[in-house]
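The block underneath contains the structure these notes are about, expressed in structure tokens.
Chain IDs A, B, C and D follow the sequence of writing; residue 1 opens each chain.
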Amino acid sequence: MSDAPYLSLEKLTLAYGDTVAVANLDLPIRKGELVALLGPSGCGKTTTMRAIAGLLPVKSGHVRLDGADITRVPANKRAVGLVFQSYALFPHLSVYENVAFGLKLKGMRGTGLDAKVRSGLTSVGLSSFANRKPAELSGGQQQRVALARSMVMEPKVLLLDEPLSNLDARLRLEMRTELQRVQKETGVTMIFVTHDQAEALALADRIVVMKNGKIEQIGSPEDIYNRPTSSFVADFVGFENIFPIEQGKMKTSSGLIDLSGPAPSAAGLAWRPRMVTLGSGPFRGTVRGTSFAGDSREYLLDTPFGPIKAEVEASQPAHALGSDLSFDLPAEKAAPLSRFA
Amino acid sequence: MFQNRAEALALALPAAFFAAAVFLMPVAILLSDGFRNPVGGWTISAYTDFFADPLNRTVFLRTLRLGAIVTVVSAVLGYAAAFAIVNLEPGTKGKMTGLVVLPLMISPVARTYAWIVILGRTGIVNQALQLVGLTDAPLRILFSETAVFVGLLQLFLPLMIISLISALENMPKDAVPAARVLGANWFQVFWKVILPLTKEGLVIGGTLVFTGSLTAYITPAILGGSKVLMLETLLYQQVSVSNNFVSASVIAFILIVMSFAANILLKRVATARNKQRVPQ
Amino acid sequence: MKKVILASGAALMLTMGAAQAQEKTLTISVYAFAQDEFKQLVYDPFEKICGCKLVVETGNSVERLAKLEANKANPMVDMAVVSMADALAASRAGLIDKVDTAKLSNFNKIYDVAKDPNGDGMSVGYTFYATSIAYRSDKMKIESWADLLKPEYASHIAWPNVTTNQGPPALYMLGLALGKDTPDLAAPIEAVGEKKGEIVTFYEKSSQLVQLMQQEEIWAAPIGRFSWAPFTKLDMPIAWANPKEGQTGGMNVMVVTKGSKNRELALQFMDFWLSTDTQTKLAEKLIDSPANKEVKLSDAIANNLTYGEETAKSLKLIPSAVALDNRAGWVKTWNEKVGQ
Amino acid sequence: MSARSLFIPLTLFLVLGFLIGPFLIIVAASFSGGETLAFPPQGFSLRWILKVFTVESFRASFGMSMFLAIGGTAAALMLGIPASYALSRYKLPGAEIVRTVVSAPIIVPGIIVGLALLRYIVVPFQVGITPALFLAHTALVLPYAVRVVSASLDNLRSDIEEAAVLLGSSRLGAFFRVVMPNIRGGILSAFILGFVTSFNQVPVSLFLSGPGVRTLPIDMIAYMEIVFDPSVAALSSLLAFLSIGIVFAAERFLGFSRYV
């Protein structure tokens, strides 16, 4: 892995008609990286991916790949592969012909073509399905055909649109392993788009969280999971108790509240339910709801500063609905947020 | 959705231009003839003249009346036939639908001519009536509104049945049993459940049948003749016999307005329903 | 799909090509009846003589006149045969040219009344016809034109529409029978109007009558003698009436369209049609009564035609100018009393 | 069985009899040995079927109608497929206008189309009757072409074209390589629908007939007005079996009814 960016988006602005979808986006990606574009629908992640593929004209800014400016290079000359969310297999062609499609356009013929297609199919474990039509395959198999179809083209970058979203839980795990294996074996640079944080965390080397056409945070899965820098990212990765900080105090609907420990300097603090101390502490709340989740138990507390979610190990004694509890939001455990919006 | 406007226009414009040049423009000029004042300017006097003539009024009302009757009768028969067909086994259903569609593939000329043989004084209808003793002397059916009605009904009933079949098939399967369980009799089931749920199909079929009846030429010409003129046959007569293009333009305009009125009705009901669907 | 497109493209080119390949073409516009016989007796022999191709348009007189009018700027038809009145109408509308009778070698053989029927030099008569009533002699007895409207008959007759060639003459004779023969035909139209519910149909093409007669839809109808022949072939007792008011009729004439590019060929064709040989053959097949006085026919044939100058002169005809000047009025009265 | 459970099937039976009966009578009359169109037919013979092939005007007008139906439908598809593609795949400015304009000929009565063409295209521009008929039939079929092809394009995911482009195909190449093969059934259905519509069309052709130029239905009407023999019945039966055969084959192999 080299440190110089292999694919870089520079001041990229994308629009549908007059509606700007992505504004002034900068994103360098190293060769061989596996990057996730994570965000809710409408955040611009798919738009960005389509622009990298060349399916969407760039309004301003640049896309550079492997040292060349490809901003105006048409999609069919970019050497960028894309595995569509729907797989987009050609329904009238067999699995074999689907995989051979791009190679034939490159002018490949005869045994060279055949060998390449066969090895592509073998690598995704579908060599015995060569003569089937896409409609005769399961969703997971179709996706592997789509993967093989893109990979035989030896793209410089492989894009994947919500690669795991259409699969059931078991296949999801299988596909995740498959993608990691392919990436490891070929060293291809992969970018995938997802709205599912678990998918991004499990698969990516680096996660780019997007919101409203802008990058909210870039970091390793650990960074994103443990150290969100904004309330948006914190919320997105499961910090359910988030408060702004003013003058070193927590700002709530019932005024500024002192926290235990040294006064924080961040713009906000975020706690996962598990980070809330239950049964002791300076604050009091009433149990409004409770749910049992196997090895843990979750409580929803009514407090003077709004609802708080807390989670404790199931081995702890249970609290009944309506019971009054003391709790604490320990500042030292919280994730400090530099931006609150 | 592709964004390239120039490409989109290059693809769509030839067809639009063709339809505009070959079709819209000539028709528009033709229609404007009816509003042109011979001494210059515009006038609706051709229309007042047209409706001042009792023959024209008769023909206009007859066209409207026959169109409406054909539409209503085809709706009644259409519901019965469509209901019977959708409740058949899948295989039989396909075959029956095929039989309904079959007449549409046959030249209307042939279909209309068959009625001359059937409805004539020596035709099978009269033979049957005399055999059962319903009438002593053969009835005269040809060259009457009845003959035109029968011909039009046979021509357009398939369109109604097909529209209603697809409407009935799109109806939630449990609606009728649910209504029955709630105590509705068959009349109530039809009126309160089936009719509202298949309204869209009824309107589509109704518009097709009504518009078709307005604009059919051969059937009124052959089965009605000059005794049962309809707007379309009157138009032909105005042009080919009287050389009266202004009158032809007036009739054309009336026909188009009637078709559009039916069509707008269809679109209104259809879009009112479409709004309930979740957009993709 | 590609194949279909290619095939249709080829078909298109073939058709266009074929249309251009016919160089010498004479386009004529004639009545629709007896086209098989005309083809055999007139068109095919003429094509052999002139080495050209004949293109034939058929229809009734008014309909074809309307087409001539529509295509005035770019005439497609070179020569047409129409009724006397329509010839006058065409002449008034500037659709036809004077006939150069010097180029017709058979011109002097035709009856004098046929040489210039409208007195404007624009047309030449080629056939006469009587108009009377064809009727089922087993079902009814016709002695007067008014008999058709008798209550027991009215629901078994077809009457010619006022816009057809037979319409006004038939109404005129009905007027004579009713004793009210004003040129506006008001009385006979009124009389027909009173029976409009009963009358089976107001026919526009006489050819349709054979079928109606065959199906027993009608028992009688006023018709021109030229459409008589098919009735004689029906397996039914059908007679040609000789009403006490007499028979009416008409003359059909040939005209040359203004702006025709094949004037010479048209005249050659007219001359061929007027020749003794052609006129005899057409008469023998009971198609057109001859206007050529040299035509000699057997009695059997003559009895089924309108033969001889005397017969022709005896027909009670409406003068073209009267017909033309009153036509709009007739149609108006008709629409009021009968049409609606 | 109760009276009610009999009522609906009985109605269906009667309705089908009403719809199919005339056709059966025409077919029976085609094999009549008699001289006129009548039912029941007098005797059995093939002479009227054979006569159809000897009537010269039928041959000419059949050729004309075939030419119009095939050529006009093909032309309508050549205009209609790109337009449908633009309507279904592009953000087209004025899409509603384009859609209305191309589908307008379906709403306006045919006789008016024919008359308008005669008065304002044929006469002023000195267009021949044949080209005019060709234009009219193309315009007439265009709405069907656009409707059916659009329906089959809408049923096809648009991302397969993008997939083809990303695999190195040009946009045009993607259309022919992955779109066309998948809407072939729709195109063929549009073709059949257009063919049948055009072939059986009467009102449009009513005013558009000239010396020697006539479509088959118009010729059949004209023939029947003169000769009331069963040859027209025979011709109708032959044509009907031809259309039924084509539609049956199309349904069998392509699922024609999905698109109509």
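Please note the rule applied: a contact is a pair of C-beta atoms (placed from the backbone, for glycine too) under 8 Å apart; a residue touches a chain by one contact, two chains touch by 3 or more.
This is a predicted model, so every value here is computed, not measured.
Chain centres were defined as the mean of their Cα atoms; on that basis the chain farthest from chain B turns out to be A. Ranked by how close its C-alpha mean sits to the mean of all protein C-alpha atoms, the top chain is D. Distance between chain C and chain D, defined via averaged C-alpha coordinates, is recorded as 36 Å.
Spacing of chain A relative to chain C, judged by their CA centroids, is 87 angstrom.
In terms of their C-alpha centroids, the spacing between chain B and chain D amounts to 18 Å. Centre to centre, using the average C-alpha position, chain A and chain B are separated by 56 Å.
Shown for chain A are the residues in touch with two or more other chains, namely 17. Shown for chain B are the residues in touch with two or more other chains, namely 3, 116, 122-123, 239-240.
Residues of chain C found to touch two or more other chains are 67, 211, 215.
Chain D meets chain C in the complex at residues 36-38, 56-57, 63, 66-67, 70-71, 73-75, 77-78, 118-119, 122-124, 126, 128-130, 134, 180, 184, 187-188, 191, 209-212, 222, 224-226, 228. Listed in rising order, the residues of chain B touching chain D in the complex are 1-5, 7-9, 11-16, 18-20, 22-27, 29-30, 77, 80-81, 83-85, 87, 96-111, 113-118, 122-124, 153-154, 157-158, 161, 186, 211, 214-215, 217-218, 222, 232, 235-236, 239-240, 245, 248, 252, 255-256, 259-260, 263.
Contact residues on chain C toward chain D in their complex (touch as defined above): 1, 4-5, 7-9, 11-12, 15-16, 19, 27-29, 32-33, 35, 39, 55-58, 67, 70-74, 76-77, 205, 207-208, 210-211, 214-215.
By the touch criterion stated above, chain C contacts chain B in their complex at residues 62-63, 65-67, 69, 155, 161, 163, 196, 199-204, 211, 215-217, 331, 335-336, 339-340.
If you check the complex, the residues on chain D that touch chain B are 4, 7-9, 11-12, 15-16, 18-23, 25-26, 29, 37-40, 79-80, 82-83, 85-87, 89-93, 95, 97-98, 101-102, 104-105, 107-113, 115-117, 119-121, 135-136, 138-139, 142, 146, 158, 171, 196, 199-200, 202-203, 206-207, 217, 220-221, 224, 232-233, 236-237, 239-240, 243-244, 247, 251, 257.
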